[in-house]
Each structure stands twice: as structure tokens, then as C-alpha cells.
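Note that the chains are named A, B, C and D in the order they appear, and that numbering of residues resets to 1 at the start of each chain.
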Amino acid sequence: MVVVMHPQATEAQKEHVRETIRALGCTPRDVQGEEVTIICLIGNTRGLQPEQLEIIPGVDRVQRIQRPFKLVSREVQPSDSIIQVDGVEIGGHEVVVFAGPCSVESKKQLMETAHAVQKAGAKILRGGAFKPRTSPYSFQGLGIEGLKIMAEVKKETGLPVITEVMSPEMVPVVAEYADILQIGARNMQNYPLLMVVGKSHRPVMLKRGLSATIEEMLLAAEYVLAGGNHQVILCERGIRTFETWTRNTLDISAVPVLKRYSHLPVFIDPSQATGHAEYVSAVSCAAVAAGADGLIIEVHPNPEKALSDGEQSIRPEVFAELMPQLRAVAQAIGRTA
Amino acid sequence: MVVVMHPQATEAQKEHVRETIRALGCTPRDVQGEEVTIICLIGNTRGLQPEQLEIIPGVDRVQRIQRPFKLVSREVQPSDSIIQVDGVEIGGHEVVVFAGPCSVESKKQLMETAHAVQKAGAKILRGGAFKPRTSPYSFQGLGIEGLKIMAEVKKETGLPVITEVMSPEMVPVVAEYADILQIGARNMQNYPLLMVVGKSHRPVMLKRGLSATIEEMLLAAEYVLAGGNHQVILCERGIRTFETWTRNTLDISAVPVLKRYSHLPVFIDPSQATGHAEYVSAVSCAAVAAGADGLIIEVHPNPEKALSDGEQSIRPEVFAELMPQLRAVAQAIGRTA
Amino acid sequence: MVVVMHPQATEAQKEHVRETIRALGCTPRDVQGEEVTIICLIGNTRGLQPEQLEIIPGVDRVQRIQRPFKLVSREVQPSDSIIQVDGVEIGGHEVVVFAGPCSVESKKQLMETAHAVQKAGAKILRGGAFKPRTSPYSFQGLGIEGLKIMAEVKKETGLPVITEVMSPEMVPVVAEYADILQIGARNMQNYPLLMVVGKSHRPVMLKRGLSATIEEMLLAAEYVLAGGNHQVILCERGIRTFETWTRNTLDISAVPVLKRYSHLPVFIDPSQATGHAEYVSAVSCAAVAAGADGLIIEVHPNPEKALSDGEQSIRPEVFAELMPQLRAVAQAIGRTA
Amino acid sequence: MVVVMHPQATEAQKEHVRETIRALGCTPRDVQGEEVTIICLIGNTRGLQPEQLEIIPGVDRVQRIQRPFKLVSREVQPSDSIIQVDGVEIGGHEVVVFAGPCSVESKKQLMETAHAVQKAGAKILRGGAFKPRTSPYSFQGLGIEGLKIMAEVKKETGLPVITEVMSPEMVPVVAEYADILQIGARNMQNYPLLMVVGKSHRPVMLKRGLSATIEEMLLAAEYVLAGGNHQVILCERGIRTFETWTRNTLDISAVPVLKRYSHLPVFIDPSQATGHAEYVSAVSCAAVAAGADGLIIEVHPNPEKALSDGEQSIRPEVFAELMPQLRAVAQAIGRTA
């Protein structure tokens, strides 16, 4: 961490900064520039807030040097993390596709979708039982009933399942049915929830918050790893910007950025990102080309009748056409799918 | 809701749209424009998603007409909501100031701050016992111990207290100690939590999410009112933008916008919004001038030693100078403070 | 265009709206919903501002139905526009790569780069002679001298050249040397400049503004087409968001969105978008996979010595490795490169 | 400037950085932290790009320490700049209000507005002759004819006038008629234009770009001062965010931030910021309370008939009610208006 002093800062103010640095357990070191003096903190600054020193008179601003995350970083683990789910390898050479409906609506709907996506090459079945909805008047999911349907469909198809968990006290029951726990974008910084899934034995897919920076996303993952659960999948699903012709703006560059700094697998959700079924295929190909380790795609047998997010769900026949394209793109960059 | 058809949409596609509208319980009505046909939905569309119809072939896009919220709106209740907390009237003629430290750190720290802010004119004491922190390595609050300290300080000073609650299962215990429950920005769309505080008898301060639109904020409040709790205070605390010289960007226009559409009291948090103590006074005056019903300000007797958010906490003596200014601005626009 | 009335709007207010609509040359048509009345405008609303009617008492808001652009749209021209530049076909089956340094620094530098990128497969040489720089103290480009160097290099290599023009009065001289005129992101809404290039016979690459919506980008292109010049290439180069680990946020979904609504060729600038050389290859592959018609990539023989944007320029040897990858991705989605 | 090395950077890589720093005319100084080494640049780094060194292998990132602007800063001139325009003092103790229509439409319209705003207390008349419009099909202003009308109205009322100039070659003619030259938001980074107004003897109002950071705004002003023209007024007019219920998001905190770092007068444009007449009064009061030196407000005698921006123009009678409120708020914070 580096404290930048005002050009007119007095020696007494600088000494005040040095003392505060010592009180925080670090060693101060001055560097005198042409116009400005900076005072560096030598020591572990990971738990400190950059702003903590800004209040001191004579300080212009404070900048972080040491990255605030650790366990998720390539410095701690240079090689890629690979997560095993019932024989499916996530984060390895093969690009893995998760697919299924936004919400579980009925056994018939889920079974039909599961068979279709499995046949086309999906390896994990997605489906929502507890749904976070912007309006209290919208369909909120089937709840436990939805989880039971997922279990039945898993039993018949053999597909492992992923579903969202929305509050700490629901983690045990959801973990009983789900192979992977999903933390939704709105809960990326729900720290009580992150702490509880950090104690779970189930892999966790952590979705990026609507306005979360990449650093904040890695810090949210750090919460889970710090709890003891190292099986975390990062998922970029679009961020909020001024553009309204897509539901969110997919930050495609986040793929190489996350792969550079972290050993965790990186997924893309093209359905949430675009919000429109007709853009899902193009964006899915882009995600694989950018180096994503996998995709999570909304597929619904009858999107017009979907109880949630129909507009961004593709039909099983579109998904069946997309999979060979994804394989071709994966091969073009030296991977499989 | 209005369905905008593609200029080349066929009659069969239009009929498909009309049938779907009827299946949703509404009546379709066509309007033929010069280049484009729109099909209007007559009926209650509040629980529908605008995107639900976008998946139908021939549809260009769908636009919402009816506002998706109801209970929070001026249409349901034209007059301002006034919330009573131990004799303090929130949302009335007087601008009310909440003040106190970001985190409760010790009884001494909180008592000292409470006495100082009370003397200067604050009516409610703020303090965090459970703290959402971006990094797992930062101070996370004193927890229950912090709540107990707040209770002791309240007993001595008579100041009602507000504190944050972060998960559904903690609502009962926090509601035992706190006079107002705060839902933090990161939890604005934590729906299980909103549902539980909707069943509480305590007033709720709902902070705007970092990237929440005003409409989403009103819908989050609608969750609480729909649960039966009508005592909700809305709080704008800065949104996330590209500007980095302040911690967030205070959306000052949200004050007149919220007052126009909703009967709920509107507060501003100048500390979170700016992230820098030296901008707090100017922004507080602006908030009162814009018509805010109150402010929630971070005050710490020794900001450099604060365990969280010291950089945005003002000292008691600065707060004591600010209060008369706020009163003068309030009078300038015909209110008291 | 649709005028949404307040639920409490009076008949006199509605009549006021109808009269204003008639005065604007359109026909009003009411649709009475369950809670709200809307008044539709029948006629050409392309030149009207949606907000123009919002001032009328009793109006809640106004929404646009007809798209405000025309000449750039697929409705006017369903088939893809193909632009010919010295035998290079832009917007056709082949993905075309433009490459070269950010700034022209010397004949040696440009010649060396040109030979290298041409050998690897680039079809157009980029280079900046007039440089928009955030700071007045940064290198501002070689100016006319730079244009002359480009002409010499073109003569030797046969590579057509693209360079930026920054003000209306410079268009004639730049058009003398350049095969394609580039309008930079900061000038996307410099209307006097758009009008002048609209009268030029040179193709124009229009870069998306830092905070321009897709609709605004298409309207900026509409200025050029309305001037008579139909040879416009749209280029997405990243938009400004809260994320700071990349220079901008590449809006990859803009590719299928623009291809859906417009017949104009769509390019991606991975260098400006990411701002970091190490992310350029991943993002370039993604752009081709998403369906971009071409790329414009910064290549510099010695990025550390570059007078501008060195951090985002890749070396010729990296470019030479990237081209075969781009070809493989293009083939995977059924194109060539 | 500070170069942050990767934790695994080699000594050879560090030496490479040091050599590059020396080649740039600065002196390198190492600081060895617990995990990371930083290399500081001692010398004038104002013209350097922080990213210039990021390309070097082993570098993680580069951070700026010295502020990139100089002439606009309080370090060069600690006291406030005061600009004199025909006896009106801008940037002094009195808050100054500019008012008038968005566009000059006729002599009658401008004269009527001028008399009304002058009577209510406006000191400068605004009016657009050249209008930047998003759509080529919208009204583009009266041009020279509009300038002549402004001159006539000025002659009759004695009110100095401000109007926008959109391209370098138009500066001489606009400067002939206008007392203050306005650079619009879309042209904030139109550097050829900034350079030409930097040579003008007329004061310049520089509006913040839609997605310009405060630092970029100060650098744009630096261009004008570096050209020799020190009479610059900064104007915050709302930035682009995800919020759509207002036209832009007014960054009210920019007022104290700009006043802290720069000696230039700071204005607010509440009309452009909110885009809705009904929010203009509340936001104007907020701006004065936040410490703005002035306001520029759109006033139109008949907003429904306005050829541009009618929805955000207030009527003369509303303006007449607003002025005493602004005076009261100014007095509350110890100023006049």
C-alpha cells in the first residue's frame, strides 16, 4: 500500500502517517518524488482498507499494491483447479456445457429438457427451484418440490444437477439434492451465505454481481475458499451498463483476465448476459473462443410458456445445432467440447 | 404492456401474439402505425415480465406501460408516509438526522459518539454490529456483543438505534435490540431477507443497491410492504459508475424522483456516497436542499483508529458545525431540521 | 411513439396531448388500459424527440416505437453491405484484419510493421497521424508528415491504409492519403465532422463512443449515410464501465445485435477494448466467433518504445501466431479469414 | 508513477524496467515489500502514460502518483479564479445564474425569454444557434441567423450571451457574437476544438463529457489553459449511468471534488442532468447548497412548442419562483445569489 501525500504536506503530517502505519503493524518507507512524497507500507496489507489512511491530514490518497485476495490466486496455486462432479471434469481440457430451464416447472418439462440437452452433449443439468425475482408478484419457483423433481430427473438420466441457493439456512437442504450449489448474481456479496457454502462439501458456482468488479468477485470467492471449500467455479454473466438493447453487457475480457490471476475454472452464462435467445449462439461461440472453461445455457422446450426468462431460453433444437459449433470452436483453439 | 411487432411481421405472427396475450389473462388491442404495428395488453400486467412475449416470432420488443410496483406508489397512497420511532417522526416536516459510527467497536466509543451527536441534534443513533466486508480478512463487526452495547447506550441516552441485519435467521435477534432494521446495499435484492423483514414490526431502512435502478429499489420496497410491513424508509447511498474519485456517485436526482412516485420517506447517506469525510458536509447540504427527509451520517470520535470506513467518517466537532448549516438549508426550502 | 398518461390525468389533459400530436403532423389514437390510458402517434415520428410530449401536464412519460434510424437498417436494405477497398472486400464472407501501429512514428517503424503484418495476412494497414490524447502533454502524432509516410509505405507494400481524421477541415487532406477514414470514439457524435465525411468518397470506419448506446451509434452512422456516403464500417471498441482491470469493457454482444438491425459491416478493436496486449489474442478469437466481419489490431515492432498505447500493442511475432488461430475460428463458424 | 512488479518477477526484468525509466528521463527507486517489489519513477511523469511500462515482462501494473494536470490545479493557483464578463463576476462570492432557451428559435421567443429571466435575476442569457442532435432528422439550430438574433437581444437587454461552438473553423464567427463560448459534452475531448478556443480571448464553459471522469475533464480544461486562455468555467451536467428515469445522473459530489483540486469556477446544468422540468428546481437548490458557483438553466416561454429539449425547460414563471429559493439556499451556506 502506498500513501500519496499532498504536495504541501508538512513533516509533522508525514510523521503522523508513519506512526499510524507502525500502529497497523507495518513499516513505513518514504520515497521523495519531484513534487510529491509517497510513504510505502512494508508488511501484510491484505486486511487493511486503502482508505483507512486517507483521513489523516496531509494525505491526498492511498493506493493498494498487494492484491487483496490470496487463496484464489495463481501465486498460491499456479496450476488450474480441476473440479470433479460425478465423473465430469470441470476446468480441464474439455469445455463443459451446463444446460436446462431457468425454472423447474414440472417433472415433464424438466425430464423432456434433460433428455434433449443430454443427447446434444450437455454434461450438467441446470434448473431453478428457488428463484430471486425483481417483483414480488412474479413466479418465485417451486421450492423443495422443485428440488425433488431435479432428484428424480437426475436418477433417470444420470445428469448431475446445479441449482441456486438463496439463504444460509437453506444450504443443507439444497446441498442434499444438488451436485453444485449456485450463488446468484444478487447474492455475490451475501457474506453470511458465502460463509455457509464455504463449509459445504459441494462445489459452488459463484456468479458475478451486476456491478461487481473482477477484484470483488475474486474476493467473494476468497470467502468460500477461506471457509475451507476450494471447489469454486467463477461465472461471468454480464454486468450492468448504460446499454439497454441487451439485458446486461457480457464482459468477455473477464475470461482471460480471470484465467491470468486465478486458478479457478471460469464459465460464461450467455443467456443472462444477453437476455435474448437470438444472441445466445453467437455469444456462446465467443465465450469458448475467449478461453472459457464452460457455459451455462438456458434451454426450454417451449420458451413462450416458460414461467421465467423465456425470452432468453433457446429451444432444444437450437441447442442441438449449437453444440457442434461449440466443438468446432473449441478445436480451433486447441481444446475439446 | 405494448408488444412492438417487426415491420415485416406476418398476420399469423400477430395472431400468435394475440393468443398468447389472451392466455395470460389480458385482452389484446392492435394499433396500426405508419410502419409498425403494436399490440397492447389490456389488463393487470404487474406480475408479467416485459420480455415474456419477446420470444414470439415476429416480435421486435415489448415495453412496459403499467408501473410494476403498487403499494409503494402515490397512486395507492397520495399522502406522505410518516413513520414514528419512539417519538421521532420520520417523513414529516422536519428533516431527521441519523448519526453514529460505521461499526460499534466498544461501549466507550459508542457512548462518546452518541452523546456528541445527540447534543448536536441527531435523533437516531446508527452503528454496525454485523458488517458486510468485501474482504474476508477485514473486521466483520462485534455481532451480538455489538447489539448489546447499542442497547446499553440507548438506555443511557434515550436515542433509538438503527443497525444492519444481513440474513433472514438473524432478523428476530436484531429486531429485539434495534428500533430500525437496516437492509444494506448489497442485500437490496436479497429476497428471503426482504420477506422476513416484511413480517417484522420494526421500521426498515432499505438502501439502494450499487447498481439498482430506482424502479428496482421501489420493487424491493414493494416486497416489504407486500409482507405487511409498511414502515419503509428509502435510502439513496450512491450508485456505481466509472468515476473513481468518489467511492460511489450520489444520485441526487433520485430524491425528487422517489418523492414523485412514492409516498415513502427518502434519506441520503452522504458518507457511503462520497467515501471521503471532506465531501460529506457539502453533499449533506445538497441532500436537504433537494428535498430529502433525512440523512444518515457516519461520525467517529477518532476516524484514523476506526475499524471500518474511517475515511468517510466525520469527527463530532465537524458534525456539530454541520447541523446548524443543515437547519439553515432546511429553512431556506421551507422545512425544519 | 406512445404517450403514457398519468392514471389521474383528466380528459382536458388528454385532449391537450391529442392536439399537440396533431400539430406535430401525426394522428392520435387512444388505448384505454385497466389503470392507464396511452395515446399512440400514427405517422412518421423519426425526427421527433420522445421527450417532447412529456412536458404536457398529465403525461407520465413517452416511449418511442419506430426506430429513429432508417438508412442503416435492414428494413431499408436486407442484404449485407459490402465495401470494396482496392480489391479488399469488407463485409463479405472473409473476415478481414486491419493491423499496424497506434501512431506512425517513423518510416522505418511503419515499413517494418507493414511488411510483418502483410506477411501474416493483414489486408489493411492502420496507423495514426493525428492522435487524440487525453493530456495536452502527450505525443500528438506526426500530422501531415505521418500521412506522407503512410503513402510511401502503401506505395511499397500495396497495402491500403486507414487513419483517423479529427476535424471537418482536415477531411480533404486526410482523404487524399487514406483509403479509409477513421472517426475515433471521442468524435462519434462530432456532427460537423460526420456531415463532412458523409460528403466524402472514402469509406468511413465509425468507432463507437465510450458511452454511446448501440442506437446512438447507428444514428451517428445515419448522419454519414444521410450525407450520401453509404460506405460505413461500424467498430465496437469497448465501452466505459466501472471495471478497471481492462481499459474498457468490450461489448461482444454488440456484434450480433448490430448484425441483426443493420446491413453495415461490424468490426472489433481488441486493442482499445482491453488495453493490455496479453488479452488481445483471446478477445480477437472471441470477436471472430461472435460473427465480426473484421478486426483492427495494434501491432508494434517494439511496444516498449511506442510513443502511444504501447501497452496494448502486440508484437509482430504474436500477430503472426494469432492469424492462423483466427482462420481456424473463422472456419469453425463457416467463414474464412 | 509506480511500477508494481509481479511477485515472481526476476532481477533481469526489474533491471529492464529501471533502464526504461532512465530512458524516459526519470530516476528509478526500488521499494521491496513483503511479497511485491515496486519501482518508483522520480521526475516529471505528467506527459507519460501509466500503461507505457506495463508492456515490460514481469510488470503487473503501473499506477500514477503525480496528477497529470497542472495549470488548472490549486497547486499552481491556490486562490479561486474569477472571470469577468461585462461586469458579471463568475467564480466569486455570488452564485450566478445563466438562463434561456435550449435553441434560439425566433427573435420574439428569445426576446421574451430574455426579459423574463433578466427580471427574475439571471445574469447571462443562454441560447443555442448550432445544435448537436443525436438524429440527423432533428432540428439542427438556426446557425448564423441564431447568432444574429442573440446579438440583437443582447443589445436591447444588455445581457451577455453564451452559445455553443461545435467545430474549430466556427470559433472566430461564434466568438464575434458570443460573450462566452460553450463546449458541449459531446465535444469535451474534441482536441482540435479545445486548442482553438485555447487561443480565443473569450471565456469558455467546458461541459463534462457523458462518460468523462473528473480527471479527464480537468485534462480537457488543461488543453484550453495550455493554449493561453485561462478563463475556463467547468460545468457538470450529468453523466451516463444505468439509471433511465432521469436523462443523465447528476454527479453532485463533483462540485466539492472539483473545488478541492481546481481553482476554476464550477457550474451545474440541472436541465441536461435531469432531462425533466419537474426535477429542475430541486436539483438547482441542491447544486447551490453543494457549493456550485453558478447554474445554467433552460427556460422556454412555451416548452411544448420548443424545437429541442422542451421536456427539460422550465417556464418563466417557474424560474421566477425558483430564483428567491436559490437566494435563500445561497444565504444558508454563506453566499449570495
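FYI, a residue touches a chain if its C-beta (ideal position, glycine included) is under 8 Å from a C-beta of that chain, and two chains touch if they have at least 3 such contacts.
Predicted model only: the values in this text are computed from it and were never measured.
More contacting C-beta pairs link the chains of B-D than the other of the two pairs B-D and B-C. With every chain reduced to the mean of its CA atoms, the largest distance from subunit D is reached by A.
Annotation: 26 Å between the Cα-based centres of subunit A and subunit B. Between the Cα centres of subunit B and subunit D there is a gap of 30 Å.
Chain geometry summary: the mean Cα position of subunit B and that of subunit C are 38 Å apart.
Counting only residues that touch two or more partner chains, subunit B has 211, 240-242, 244.
The touching residues of subunit C, counted against subunit D in their complex, run 20, 46-47, 49, 51-56, 68-69, 132-140, 166-170, 186-187, 189-193, 209-211, 216, 219, 222-223, 226, 240, 247, 275-277, 303-304, 306, 308-313. By the touch rule above, subunit A contacts subunit D in their complex via residues 2, 4, 7-8, 29, 31-36, 38, 40-44, 63, 65-66, 75, 240-242, 244. Those residues of subunit B lying in contact with subunit D across their complex are 211, 213-215, 239, 241-246, 249-257, 260, 273-274, 278-279, 282-283, 285-291, 325, 328-329, 331-333.
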